[in-house]
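Paired with chain B in one complex and with chain C in the other, chain A is shared by the two complexes that follow.
== the complex of A and B ==
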């Protein structure tokens, strides 16, 4: 019964989205407002249908309805409710259902909010979004039916993927990532609408700026949460392995970031318009390519759980989206040409242009590395894999160049910069950078890229801080405000600019953390009998005992755990285990991570001998890793600050309540 | 000249399409078995019924070694009838041997009770040593050994009737129908 409701909801969703797409196109041609309203209602209806579908799936998972193949493959009678609910996105079909929920959610929110605005654009925006959503409903109707039944019905399910039930982060990482992926269809839809209607001025860019930043923020948080999950769960001591699935998330992030920057030039100065439109298209197509690569089984990845029949569908969608939007772009090239060229060699425009070239270079490098195994297999039939060293060699210099640009770009004026202002602004930061690099060398950092990044981050950070301080000082002087008030007011009145600064500073924090943690990390593998001690980076690690027992939450899972005490900068005891899940061939590691602001102690069990109680442990001391996660959260906060609507007109400021609880100052803007 | 810009569309779409299409029908995790063309590893193992069977017993006959596990759902369930049918129809010409991959004998017996036991032997591979010698990366994986004890073919992933016939043809003197 419940699965039938879910399946019916999917079919209704398909009908509604197809109708909405057609009705929007007709509305755009005839300008009939009733068609517009009815199409919008159909989009909102498709959201309700997707919600019913998701609810039906969750109920099936919670009631262990093994007549549904998806439930039989991802659930067992012993699966706890929390894992049951998040299994909605544990495998392919459920993920697409969840994806449809988010995609129709974005579309409904956008079309409802702008129902009376941007008249000529909105029908085409609606038509594009409805078409994209119809594709996902079609995939669920034909090749990837989440409610497909099993015959004969299984008595017991296979249980959730062992890796996915091992950490609560599984509840967070996919939703954030999918919110980003699905949301990036919105700027694409606006781009298509602008190209179709030839309204290629700044209007669509102004609307789309916020609607790109929001999914971009989710995508960023999703990527960072994924890195964190990989660090806490996979047990290899690292957080980024250039796995195709990581690249799949990174690729649209790179082009979306390029778009956010080039859109500023297009909006403010009318330049880079072809480029900006191309980036919007690339971003959307790359979200499809990423999904295709990781879900179709074409490229080997830790994530490509199963080969599936959706591959050809995604392929067709990619080629249609790419071919269609490129044709449209080429058709409108004469309308897009023109606009200002960057006037000076050293100016903010040229910094933006260089920024975009670098981001595009990164995109090509990552895409090439990800597709190379496919290319080689297609041409010579050999199986190869492209590893982290290749990606690091190719991308690190570009990342460093971007870091450099991030510092000087915002400090350069629009138009033309004179060399003397540049010298004036950059002398002190350069000196600081040299000083910090020298001190890092003195404390033992030897890795050249880490050293370079650290020095550069100092230069860039101090340029940014100088920039903020200079503005605040000027305001403090002219308005007679305290430095903190002046900075806050300046920031809240220029949210885009200061939100951008905050994001840049957060990226710097992450860059330094990545550079230092990869350059100064130490690790060693030790074999210890009970009572023996090993040392690593100031820590003494003592192996107390080996315990083998079933997990209290699920007796089918056997845990082999080393109980260890550690003393040093942090001290205490920890347990690190290998878990044998009945449905997994390899034992799943559960590394123990002890985090401090300065460094992480990371212990993972590699092997054990039950007869003697001897264990082999891999010990890591990873400095500053926690700052990658903190930096990631800061990016989210900074972007949120930039997205927050700027109030216009009268402004109400509540002063510190403890000093004057009732004092409310009202000032004109 | 102005029309040249239209070339951009096919120049981008066609190579990308070709590359992605070429990815189908190939499993990136499938590694060509280095065993192909070489002598199969030798073994002497105990079956679920408690009988001892060795590769020497099969000398002079083609045989199929199928690594499977009761926890390998749905792939091992899907291919189970294919192996059972092959045993029923071609049991005279070829021996089929099930090899438990990292599985508990009790679970394996429950699987056979549930999905049907065609009667061919299922052997217990303690420690998974034989699986390592064959280079199994994950079940189901099936090796096709000819009458001279040479590995001729390997199936990575579940067998379908078509694949089974194709693979068997490499080891049967009178090619399977």
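== the complex of A and C ==
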């Protein structure tokens, strides 16, 4: 009964999205407002349908309805309710259902919110979003039916993925990532609408910058949460392995970041318009490519997901989206060309252009490395893999160049910068950077990447701080305010600029943490009998005893745990374990991480001998890792600050009337 | 009449555009060089024991990934000085590893080891990878779940 309701909801969702797409196109051509309204209702209806579908799946999971194949594969009678609920996104079919919920949610929110604005654009925005959503409903109707039934109903299900059960982060990381992925369809839809209607002025860019920043923030948080999950759960002591699945999330993030920057040039100076449109298209296509890569099984990944028949569907969608939008773009090239005001070689425009070239280069490099195994397999039949060293060789120099640009770009003026202003602004930071690098060298830091990043971060950070201080000081002087008040008022009246500064500073924090943690981490593997002690990086690790017992929360899971005491910069005791889940062939590591602001002590159990109580432990001391997570959260806060609507201000008075009529209508109704 | 718009000289923008285009070209060339010059060393071939043995002497010293099943009864030694045999059913290769597998791996399970084949025919592993697989299937009575079988060419 419940699965039938879910399946019916999917079919209704497909019908509604197809109708909405057609109705929006007709509305755009005839301008019939009633068609517009009914199409919008259909989109909201598709959201309700997706919500009913998700609810039906959750109920099926919670009631352990093993007649549904998805439930039988991802649930067992002993599965706790919380794990049951998050199993909605544990595997392919459920993920697409959840995806459809978020995608239709974004579409409904946007189309409802802007129902009286951007009139010429919105029908095409709606048509594009409805078409994209129809695709996902179609996938659930044909190749990836989440409510497919199993013929002989199993008495017991397979249980959820052991990795999913093992850490609560699985409740957080996929939804954040999906919110980002699905939300990036919105700027694409606006881009298509602007191209179709030839309304290629600054208007669509203004809307889209905020609507890119929102999914971008979710995507960023999702990627950081994924890295954190990898670090806390997988037990290899690292957080980024250049795995195809990780790259799939990174690719649209890179082009979305490029877009956020190039849109500023397009909006403020009229330049880079073709480029900016291309970035929007690329970002959306890369979200499809990412899903295709990770979900079709074409690329071998450490966390290989379920392979299924959706591959050809996604390939067709990618080719259609790419071919269609590029054709449209080429067709509109005459409308996009020109319009930019002159600028010098050393100017903020140039910094933005270079920033975009670097981001695009990074995108191509990561895409190339990710797809190379596919290309080689297709041409020579050999199976190869491209290792992390290649990715590091290629991407680290680009990341460093981007870091450098991040410092000087915002400090350069629009138009043309004179060398004397540049010199004046950058001399002190450069001196500071040299001083910090020299003192780090004197203290004994020898690792080149850490040293270089530290020096560069000092230069970039001090340029930013100087920018903020100079602005605040000018305001404090002219308005007679205290420094703190002046800074806050300046920031809240220029949210985009100061939110951007906050994001940049957070990225600096993350960059230093990544460079230092990867350059200065130490690790060693030790085999200890009970009572024996090993040392690593100022810590003394003593193996007390080996415990093998069922987990208190789930007796079917056997935990093999080494109980260890440690003394040093941090002291205490910890248990690091391997857990044997009944449905997982390999034991799941449960590393113990002891975090301080300076460093993490990270202990993984590799092997144990029950007869003697001897354990083999992998010990890591990873400096500054916690600052990657702190920096990630700070990026979210900074971006949130930039997204938050400005209350008053010089520039905002222009945007303000857009909201006022809506408020008046509500009051009048 | 004497006051003109504060525009810049007509020729200037064009000349300056070339400057930035040159920078862009240099940046792209550097990225391209970085990508292609190091790709030869970065590729790691994935081979089954049979494929590795077919390469003969050419295979000695080359970093590859060797994939197959851990042969029953072949595992010996402590985790940091481990010896086992990886087999594809036709041929087996003895593997020696001083790095413990990241998860407890078992006899009969699938494993991928990265390393080099020595002249003595023993594969020296620098990395032992065990697949963490999302692909669970309802086990039919009596037979192995499909994720326990690594087919030749099926990457980790």
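Heads up, the rule we're going with is that the second predicted complex is superposed on the first by the 642 of 669 C-alpha atoms of A that agree within 3 Å, B and C clash if a C-alpha of one lies under 4 Å from a C-alpha of the other, contacts with A are read in each partner's own complex, and residues count from 1 in each chain.
Keep in mind that, in the parts below, a residue touches a chain if its C-beta (ideal position, glycine included) is under 8 Å from a C-beta of that chain, and two chains touch if they have at least 3 such contacts.
Keep in mind that what you see is a predicted model, and the values were worked out from it rather than measured.
Chain B and chain C, once both complexes are superposed via chain A, clash. Of the two partner chains placed around the shared chain by superposition, chain C is the only one that A:357 touches, whereas chain B remains out of contact. Once the two complexes are laid over each other on the shared chain, residue contacts for A:439 go to neither chain B nor chain C.
Once the two complexes are laid over each other on the shared chain, residue contacts for A:596 go to neither chain B nor chain C.
In the superposition on chain A, contact is made by A:73 with both chain B and chain C.
Looking at the superposed arrangement, the partner reaching more residues of chain A, out of chain B and chain C, is C.
Looking at the shared chain after the overlay, A:235 reaches chain C, while chain B stays out of its contact range. Using the contact criterion defined above for the overlaid structures, shared-chain residue A:158 touches chain B and also reaches chain C.
In the superposition on chain A, A:571 makes contact with neither chain B nor chain C. Of the two partner chains, chain B is the only one that A:327 touches; chain C does not reach it.
In the superposed model, A:427 lies in contact with neither chain B nor chain C. Chain B runs into chain C after superposition on chain A, and of the options 1-9, 55-63 or 145-153 the stretch responsible is 145-153.
Under the contact criterion defined above, the residues of chain A that touch both chain B in one complex and chain C in the other are 72-73, 154, 158, 300, 307, 373, 383, 583, 585.
If you check the complex, the residues on chain B that touch chain A are 5-6, 8-9, 12-13, 16-24, 26-32, 69, 71, 73-74, 101-102, 114, 138-139, 157.
Note for the complex: chain C touches chain A at residues 7-8, 12-13, 16, 19-20, 23-24, 27-28, 30-31, 34-35, 38-39, 41-47, 65, 78-80, 99-106, 109, 129-139, 145, 147-148, 153-156.
The residues of chain A lying in touch with chain C in their complex are 72-74, 90-91, 150, 154, 157-159, 161, 163, 234-236, 300, 302-307, 342-345, 350, 353-354, 357-358, 361-362, 364-365, 368-369, 372-373, 376, 382-387, 389-390, 393-394, 397-398, 401, 416, 525, 527, 578, 583, 585-589, 604, 606-607, 616, 618.
Against chain B, in their complex, chain A makes its touches with residues 69, 72-73, 154-155, 158, 292, 296-300, 307, 311-312, 315, 318-319, 322-323, 326-327, 330, 333, 371, 373-375, 377-378, 383, 582-585.
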